[in-house]
Structures are given as C-alpha cells and as structure tokens.
Amino acid sequence: MSNSEKHNGANGVNRRAVLAGGAALTASLFTPKLLRAQDFPTAAVNTTGLAVTDDTVTVGILHSVTGTMAISETGSVQAEKLAIEQINAQGGVLGRKIEYIQEDGGSDWPTFAEKAKKLLVSDKVASVMGCWTSASRKAVLPVFEQYNGMLYYPTFYEGLEESPNVIYTGQEATQQIIAGIDWVTQTKGAKSFYLLGSDYIWPRTSNKIARKHIEKLGLKVVGEDYYPLGHTQFNSVINKMKLKKPDVIYAIVVGGSNVAFYKQLKAAGIDMTKEKPLLLTISVTEDEILGIGGENIEGAYACMKYFQSLTNENNMAFVKAFKEMWGDDIVIGDVTQAAYLGPWLWKAAVEKAGSFDVDKIREASPGIELTTAPEGYVKVHENHHLWSKTRVGHAKRDGQYEVVFETADLVEPDPFPDGYQ
Amino acid sequence: MTTAPSNRLFTKSEAIGFVILAVIVFAILPLALDTFRLNLFGKYLTYAFVAVGLVLCWGAGGILSLGQGVFFGLGGYCMAMYLKLEASTPENTSIQSTPGIPDFMDWNQLTALPWWWEPFHSFSFTLFAVIAVPVVFSFIIGVAMFRRRVGGVYFAIITQAVAAILTILIIGQQGFTGGVNGITDLRTLKGWDIRTDSAKEILYFVNGIMLFACLLTAQFIRKSKLGRLLIAMRDQEDRVRFSGYDVANFKIFVFCIGAAFAAIGGAMFTLQVGFMSPSFVGIVPSIEMVIFCAVGGRLSILGAVYGALLVNWAKTTFSESFPELWLLGLGALFIAVVMAFPDGLAGVYTDKIAPRIRKLLKRGPPALPAANAQETAAE
Amino acid sequence: MFSDYSMGELGAIFAMQGFAGLILFSVFVLMALGLAIIFGQMGVINMAHGEFMILGAYVTYLTSNVFADFLPALFSIYFFVAMILAFIASGLLGMFVEWAMIRHLYKRPLDTLLATWGLSLILQQVYRSVFGAREVGVTIPDWIMGSLPMTDMIEIPINGIFVMVLAVSISIALYILMYKSGWGRQVRAINQNRIMADAVGINTAWTDRMTFGIGCGVAGVAGSAFTMIGSTGPTAGQLYIVDTFLVVVFGGAGSLLGTIASAFSISQAQSILEFFLSGSMAKVLTLLTVVGILMLRPQGLFALKLRK
Amino acid sequence: MTIHNPNFVLMVEDLTVSFDGFKAVNDLSFYVEPNECRVIIGPNGAGKTTVLDLICGRTKATSGSVNFKGQELLKMREDQIVHAGVGRKFQTPSVYEDLTVFENLELSYPQGHGVFGALFFQRDDPVKTRIQEIAETIFLEDHLSEKAAYLSHGQKQWLEIGMLLIQDPELLMLDEPVAGMSVAERKKTAELLNRIINDRSVIVIEHDMGFVADIATRVTVLHQGKTLSEGSMERVQNDPKVIEVYLGH
C-alpha cells in the first residue's frame, strides 16, 4: 500500500462490488437528492483555503498501519475507505468526489501529532478520520485545536473530553457501562462484581464509573485489579476470583492480554456458558475474538453499541458491502462500524452547512441524524458525541455475538458524568 | 618526533567538522525547511543529545546502556510537569471538580496537587530538576552497578529492566503521571505560547545551541585525560585500576554525563513537541537511541548527530511512503551497522571519503598538513 | 482480607495459588531455557528470542489448520506434531542466523545484542506480511483446554499440567545433553576456552551452530506451548524478552540449575505478590527486587566462583 | 593481626584463598625486606600469580593478612593499594593499544587520579620531562607518538614496566617479565630490571632460571599453594624437596 499519495476512491478495490454495495445501500435506504458541484461554487463553500477543487475534496485518514496498534486500526481504515467509496458512488459531497490522503501513525504518539499537522498544514485536508487509542487522540488534539481541523474519532473511550474539533463517533464510557450493568443486575440478578482491567486510563476510568454505579445500586464490588498492557499471566487473579465468587466478572482487558486471559479462564475450569460467574466485557469486539478463538470466549457477554450480527437492513447491506470490498473472512467490530460513520457524518454536516469550512461544520454538526447507520439511527449531541443505543451481545462459538438486549431509547452521551467522578 | 602529541581541544579537521555541522544546523536547515519540517528536525536533534551521551558512555567508555530513554523521559517529564502546571490555571480548568490541578489528576479523583509536584511551579527549580533528577538517578544506578563491577552485557540487561520498571510505574500511577497518555496539551512557557510557528523556530535555535554546548562539553571530555582514561578502561580495565584509578568513579561520572545530556534532550523534546509520554521511556525507544549512535559511529560525537538526523529522517520519509518496508529497513540497518560498518558513518567517512578529499586537496593548494591525517582517524 | 472465608476455602485457594505459581514457574523455565543455553554457553545476547518463540507459535497455528482441513480425525493430537515442527523450524532458522550473522560476532557480545534486535524487527515485519497484523487464533484440542476438578474449589487446568510436564522434560533433556553427553562437554569446553577446544579437534563452528539451533529450537517449542495460554501475533514475542533475560541473568549465566532456581523464585514472588496486590504493582515490585538483588550480587544466584 | 615490623616492607602471613573448596593458596607466609628482589618460582598451578593477585587486591583472600608498611592491604581497594606504593605488572602485556606510548605513560603519571583531577589535568613541563625520562629508561624514547598497538611484544612489556616506574612504587611486582621475549630483548630487560630494582623492593615470578639467578636476592619456591623452600638461589637449587617437585614425577 502506498500512502501519502492522493487516492482516487476506487483504486485497488473491486469497483463493481463497491458500486453494487453502495447502490444497494442507496436504493434500499433513502433516495439521495443529487447535489451538483456547480450549484456550490468552490469559493463559496471553501473560505478557509482547504483542499477543495471544483470536482474534488480531500480528507485525511490517520491510523497506525505499522506497530502494535496496527492490529486494531486496520478495521477502521477499511471502514473509512468503504464509506468514502460509497459516498463517491452516490455523487460525492456537494458534488465533489472525496479523495483521501492516508498517513501512518506508526503506533507512536508524536508521529500521530506530526502527521496530523502535516495533513492540516501541508495538505489542508477538509477533515480527518483517525486515531484509535486515547493516547494518540490526546497527542493530536492540540494540533487540531491550534489549526482548527475536524477529527472524526471512532473508538469507544473513557470520556472526560469534549473538544470543539472532534466528533466522537464511538460511545463514551457511561453509555457503554451503565446500560450493561443495569441489564446484568435486572435480568441476571447479579449482586457482586469483580472488576478487572489492563492498566491504563480507559479501563481505570470505566471501572471507576462502573464501581460508582454498582455501589449506587446498593450492590457490591468484591475485587478490582489491573495488569500491565501485554501481561500474559492471569492465573493469580483467576484464583482471587474463585475465592471471592463474584456474580459478574467485569473485564476490560485489551490487546494480547485478552487472549491470555480468556484462554486461562477457560483452562481454569470457569465455563462461561454456565454464567457462574457471568462474564461481562466492554473491550472484546468480534475483531478481538479472532485472536482469542470463539471456543474460548463462548458464553461471555459484551456490552457495546454495535454487533456484526445486527439484523436491520442497514447493517445487512453494510456487512455485505464490507465483505465484498475486503473479503469474506473479515469480521466487523464496534469500532469499525463507528469508523464507518465518520465520513457519513461529515458528509451530512457539510451538506447541512452548505460549506466545507470547519467552523460551519462544527455549528451544523449537533442535531445531525443518520438513519442509514448500520447500528440504526444515531444523532449528534451538542457535546459532539453520538446518541446511540447500547446493546448486549452473547458470544457464540463461531466468534459472533447474538444480540440479547438493546436499550429502548437512544442513550444520551455524557462525557462528564455528574456523580461518577 | 619526540615532543608530546597534540593536546589542543580541536585538531584542524575536528574544528572544520564542528563548523560544518554548525552551518548545517544553524543556516542550511532553517533556510531550506518550512517551520513544520524544521520542527521535525528539531525533534530529531533532541535524540542527538542522547546519541552524543552514548558515544561517551559506549563508544569511549564501553558502557552500553539500554536505558537512556529513562533519562530522556525523566528530563522530559520534569519539563512537562512545569508546563502542565502553567497550563492548568484555575481559569483554564474551571470545568474540573478541582480546578487548578492538571486535568488527568482530576479524572483520577485527585483533589489536590501531590506534594512532589509543588516545586514544579517554579521555572528555576524545573531547570534544576531537568538535570538533577536524571543525574541523581543515574548516579544511584551507577554506584550500585559499577562499584560491584557489573559491566558489559549485565549492565545492558539491567538498565533495560530499569526502563521496563519505570514505564510500568508511570503507566500504573496515572493519577500522578498522566499514565499511558502522558502529559499532553502543554501550551505556554512563562506566558510565551510555545505552539506558534515563531516559537517553534526560536525553540529550534535554542535546541541547536544547547546541542552545541553538549557537543563542546563532550569534546572537552574526550580531549581531557579523562577521555583517554575512558578508552584505556574500555581496553584494559585492570591496567587502569592497577595504575591507581578508581575505575568505578570514572564510569559513574561518564554515565551521569550521558544521563544529563539525555535529560536535556528530553526537556527540549517536550518543549518542541508539546507533550511527553511513557512511550519514550521504555525499552524500544532506548534501543533505537543506541542505533542512532551506532549509525553515526559509536566513536564520533559529530557522527552521533548525523546518525540521529539520518535515521529519524529516513524513518519519517520511509514510513510515509513504504510503511510496510520501514521495519525491514530499520532491522537491516541494525544488522548492517554491526556487521559491515561497526564504526558507522564516521568510520565510512574516515576510511573512504576523507582520504579521497585529502588526495584532491593535495593536488591543488592549499594542502592539508599531512600530520593531521592520523589525528583525523581519532575523530 | 481472609476473615470472610472458611478454612476449607482458604486451603483450596492456597493450593490453587501454589499451582498458579508452578505454572508461571514452568512458563518462565520454558522461556528461559533456550536463552540460558545461548546466552550462558555462547555469550550471545539474542534479542530475537521472543520472535523465535513466536515462529513456533505460528508453526503451531499452521499445523492446526492443516490437521483441521486434512486430518480432522487426528486433530486431538496435532499439538505434539506441532511442537516437533516448531522445534525444527525455529532450530533451522536459528542455525541459519548463526551462520549468516552470529558467528562473525562472537568477540563482540554487545554487538550481537544490536544485530539480533535488528533481526527481531525484520522477523516481526515478516510475520506481519505473511500472517497479517492481527493476532491469529490457534484452536487448541478440547482435552487440553479442560480442567480436572479435584474438589469443589480446586480445579487443575490441564494446559497448566501440560506446560509443567513439558518444562520438566525439556529441562531434563537439556541437562542430559549438556552435562552427560560428549556433545555437551564440547559445548562447555568451547565456552571455557575456544582456542584450546579448537586445538584439540572440536569442530567449534559446527558445535556453535548446533548450540544456537537447539537454543532457538527450544524457544520454538516454548512458543508452541504458549499458544495454549497466550496470544499469537507479530509483536507478541516482545512481551517475553525482559522477563526472560532477567530470569537467565538472575540465575547466573552458564548455569542451567541457576536458571531453574531463578525462574522458581521470580515466579513464586510474582505469583504471591499478585495475589495480594494489583498486578501492575506486583510486577514492579518483583522486577525491582530482582534488579536490587542483581546489584548486590551481580553474578546471579548460582554462578561458579572462578579464578579470573 | 600482624604487628608491623619495620625490618620488612611486606609481611604475608597465613594467606589462604579457596575457589569453591580448592585452596589455590594455602596458609602461605613470607616476608620481603626493603630493597630485596624476591623471585617466586614453582611449577604450573602452584599459585604464583594468585599470590600477586591477592597482594594487589585483584583477588579477595579467604583469610590471612598482607601487611605493607603497616597497612593491611586485604582491606583496601586496588587503587588505594596502588597509592600505598604497590605496582603490578601482568603476565600478558597490558597496555592501552589505542593510545600512544606518550599517552600510556601519561595515564600512569601519579597525578590527577580523581574524576575532576583527570578532567582538568594539564600536560605541563614536569609531566613531559618525567615521561621523557622514563621513555629513555625503557628504550622507547623514539616511539612516544606511536600507538602502543604497533609496538613489538618486548616493547609492550617494557612499556608496561615503564608505566609502573613512572609511579615510583616502593614494591614492584612483575609477573614473568621476560616471557615471550627474544634473547636480545631478554638481555636488555635484565639490564633494565637490574637498574630499576636498586631503590625498591621487587617480587618477580619467573621460569627462566638463568634470568632468576641474574636478579634474585632470595627465592621462594611455591608448590600447591604453600612454601616449599625459601632462601638464596643456590640453597633452593640444592633443596631435595625442590628437586623432587621439579624432577621427581
């Protein structure tokens, strides 16, 4: 793959498949009103010197293709490219084809900042889809604020942030956590919890919110443990869990540690299908199950906003198009879907504002609705996060989740939750 | 020739080398590059501090530390703590439950600034700490190891473990350190906005001046009797010991100097890049810093600067165009430097290029004095 | 923290925890044995040790796929075939690396460190290009992933027993190889005096290559075994390198017994601390203790006192 | 503990060192007088080099005492022992090959031995004169600006002796100073040693009996870490125990 060059959207992929997918989506979901470029003169829609011509508009894709985070970020890159393909197939944004410049963050935070700056300053991209870890987002944030760029950030994360220059397309912690804990206490009658996490900010913050909520419900947290990223030995903590006999193991383990944890849990005789204890996680998407092995995590519950197995029409078309573009073996996790929303949300904001200017997009963004999202209907909140439903999936042996619960209404994003800090 | 060999600070060719580097750093790069690229080169130059320290420790003294990232990080963190406190005024942080403390502390339910953060309100204390903290730390490690005659491979592995420990600690104590995200969103230095283009340019020059100060210090050490003792220790440690020197003291000293250089680099890194995170403390960056030094030539302080510039520039360029090939290239570079060019760029220069230049110069006036030939080989 | 539990429960947990410590011990032994040979006997610092382990893991992954596709009837025992293949693959790669690289660097131990670090980067990228950046899921036969219920509380994981048995058998095999066979005598002779060994007719070049190959092969077997408990990805090997080196150095280079003793003490310390503290702090305390002891006793636990 | 006796420069008493149970030096005692040249001889493995290692602090003794002019050397660091006035030459020539002869001698000049002393050490005239003087003594005055790596084996041995001389030690210990030298070099070395041992005490380990006879005041024969015989060259040569050890088996 060669980066840092302009890509016309359809390069290197099966154009027909994409068009078919895009068309299927278009046809089945809504009838787009075709916007023609000549109705929107470049000088009018681009007053800040962004990379917009009469026929094209350039955006940036900024993820890790190399390094340890490449494992996770690949799916996001694929989703963003798919969305761009489909938008172009429908006629682009304000009649202009989207071109993208892809940069590699190399799993290294200063590199992210460096490349973000390059995208904004040298390439003058109209928006950036990118970042995965909180650390990379924190590193680029000052750059986006200084040069007034717009970042579409796909990962579920710890919250505690609300930047005018970021649209958070994944869930923040309270959206993901509170609904899940309510569900497990109401349907499963859980009374005691054991919190486990990898040792960094997202698991720690999430567990903090979880603990407050559990205690608010009058229930008990019987243990809380953190292991360094990349840790591979979990027998001691599994023993502690056996001693404390929690009803729920609430696990936020990430990366390679995940694989070790679930394999060792299974080997220690904790059969998750028996739900004694029940395992609830917010960090294992279908992507992670590939590495863990479906047979090792069968019976666990995951709480997030999207599962590949969702059966609504939007999602069926999305999964079909995704597989046509990237191959049949691929799985789609929560973050991948959230990344897919980025270009669509940006398109909607541009069209609502009638301009590519970042300030106008920012103004236009709150209130934007997307009825075509694979996860269903979403809406941008004033705090730049998405209103979205939260769902609970039950892991099956084949590596997919069966959706067993879904919140009745959209959950309001609350990045600075009162009483949870 | 029965007179004593040259004892001047510079031989002629060394002086020329310093001048050329100064021209590159202070004239060519700033003129040729836009602010963005210049800032990148400024970042690369902060690694050169570490590489120069490694030339003293490893090339001259034979002490290979795989934990230089620790000192780079400590220096950088000290600076970042000061900048973060300045950025965390009660007005800026009014949305927090406890305004006036850094944001990550607030997220971690800290309600007051930890006592050991307090002194970092003072800029002069911070400047002191940038050097003192890493030096004290390296002194402790140095005393413990060199007094017990731990050297070579063992020293390398233990410093590596120290880097691992510090990384886990920083990440684990996120309420106090910012955890894996590091200390981010640094804005001003005594009210001066360090994010603007003009600030970046000024910082680049400050960085260059600091680097030359370190280079001159390193050159002075190399040319002093202490410098010759380091080489002597590397080759015949026992002989030095039985000539009445307390070998450990010299190793501790040079290790502390290396740590101080790395720390200055770290502080300049924080200023120019605008944040500090544990990813510069661990094993991988520490080993990469060794390769900067090896590529430049482990015996040449000027080579170390070129090594840091070249490897990092290549990293940026190649990872932009061929992200998949970059790791292969970096790996191959490690192997090539060790197997084919153990003296790095500086070695290639003295063996292959310098003789030709001299030949050329000899043909036409003014000829370089032949006496310098051997001295050139030493640098 | 224990007042709420009955004696029976506590007894069971301590038994389990002891067992967890033993598993960790076996994991450390498996990680460190290959390195102990290469570092201890040859003085080579192989920073690519983790990547040799991961090669074994990938071989296991491929073998499991082949068995699943072509020999489903024999799937339950594919693991043994995989371990042998892992040994061969990592061993051959090791011998190649020794021939191409290491043999030129015997006099410069610190340089082997840099060169093998370069090698590890290259191997990581090769794994990424061949197997993809994502972790691969190795399907383990069900019988290995089960557990033996001893009482209500005590359940012994079979993969733990498997790792332990493997660690013990490889240790014994290596012990016999190094200390009871003519070949082992040659290796040790070279370690003590290369020139002399050469002079008395030992084929030092071949012995070196075999030693390095066996060390890497053992790493491959370890990697194969770790598919049962850990992840298999391009960069997974990096997770092991610091622990492995500390185990070997702490034990005293050149001493297999020392390596085993050090694996035992570090694993027990870590396992016990993990039970009482959070995992991160347990790890920091363990590493600090090891580094502290190494500063006081740099030659490690079991170094011979030699006349220099 | 040994009480210092002003008649002796060095008093070695009950010195023992054991390596994992093997006693390389076993309960050894001997005494060296001022201006004496003591030669230690003995078969391979007798513990000769180990004795020197123990005196100069390179090996730590298991028990016993080494008293040098009233100071207990066993409790001192190597560099402190050197400063007390003990110089040691190793068996294989150990000079700094990457440095010039001048620099080799300069590093041994007894000044600027602390870290900062070395950092701000000035190469002034007394230093240069002294180096010139020593270089002449060790036949290397024409090689001062050459790298030590380019010297012949014998010249390296001389250089190392010169590096000791410049410190002007009261007790000089030489481990096989003529090993590997040509006949001509041997003669020159004997001459050199005869010149420099006059105003100090010397302990020499040597195999070459002709050379020993040339320089020795007294001879100590070591066998299995113990003194087998001691006295003048003539007495030792006629001692039946010595003959048995050297020729008996």
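Assorted remarks:
Going in written order, the chains are labelled A, B, C and D, and every chain counts its residues from 1.
As a convention for this text, a residue touches a chain if its C-beta (ideal position, glycine included) is under 8 Å from a C-beta of that chain, and two chains touch if they have at least 3 such contacts.
None of these values were measured; they are calculated from a predicted model.
When the partners of chain A are compared with those of chain B, the chains appearing in both lists are C. Centroid distances built from C-alpha atoms place D farthest away from chain C.
Rounded to a whole number, the gap between the C-alpha centres of chain C and chain D is 47 angstrom. The mean-CA centres of chain B and chain C are about 34 angstrom from one another, to the nearest whole unit. Mean C-alpha positions place chain A and chain C at a centre distance of 37 Å. If you average the Cα atoms of chain A and of chain D, the two centres end up 75 Å apart. Annotation for chain D: residues touching 2 or more other chains are 58.
In chain C, 128, 238, 278, 280, 283 are the positions where the chain touches two or more neighbouring chains simultaneously. Annotation for chain B: residues 168, 171-172, 324, 327 touch two or more other chains. Here chain B touches chain D in the complex through residues 1-2, 4-5, 7, 221, 224-226, 228-229, 231-232, 235-236, 238-247, 249-250, 253, going by the rule given at the top. Residues of chain C touching chain B in their complex: 43, 45, 101, 104-105, 108-111, 113-115, 117-126, 128-129, 238, 241-242, 245-246, 249, 278, 280-281, 283-284, 287-288, 290-291, 294-296, 298. Touching chain C in their complex are the following residues of chain B: 58, 64, 66, 144-145, 148-150, 152-154, 156-158, 160-162, 164-165, 168-169, 171-172, 283-284, 287, 290-291, 294, 324-325, 327-328, 330-335, 337-339, 342. On the side of chain B, the complex with chain A involves touching residues 36, 40, 43, 95, 97, 103-104, 106-109, 168, 171-172, 174, 179-182, 184-187, 195, 273-275, 277, 279, 316, 319-324, 326-327. Of all residues in chain C, only 5, 9-10, 13, 16-17, 19-20, 23-24, 27, 128, 133-140, 142, 145-147, 149, 153, 155, 157-160, 226, 228-233, 235-236, 238-240, 270-271, 274-275, 278-280, 282-283 touch chain A in the complex they form.
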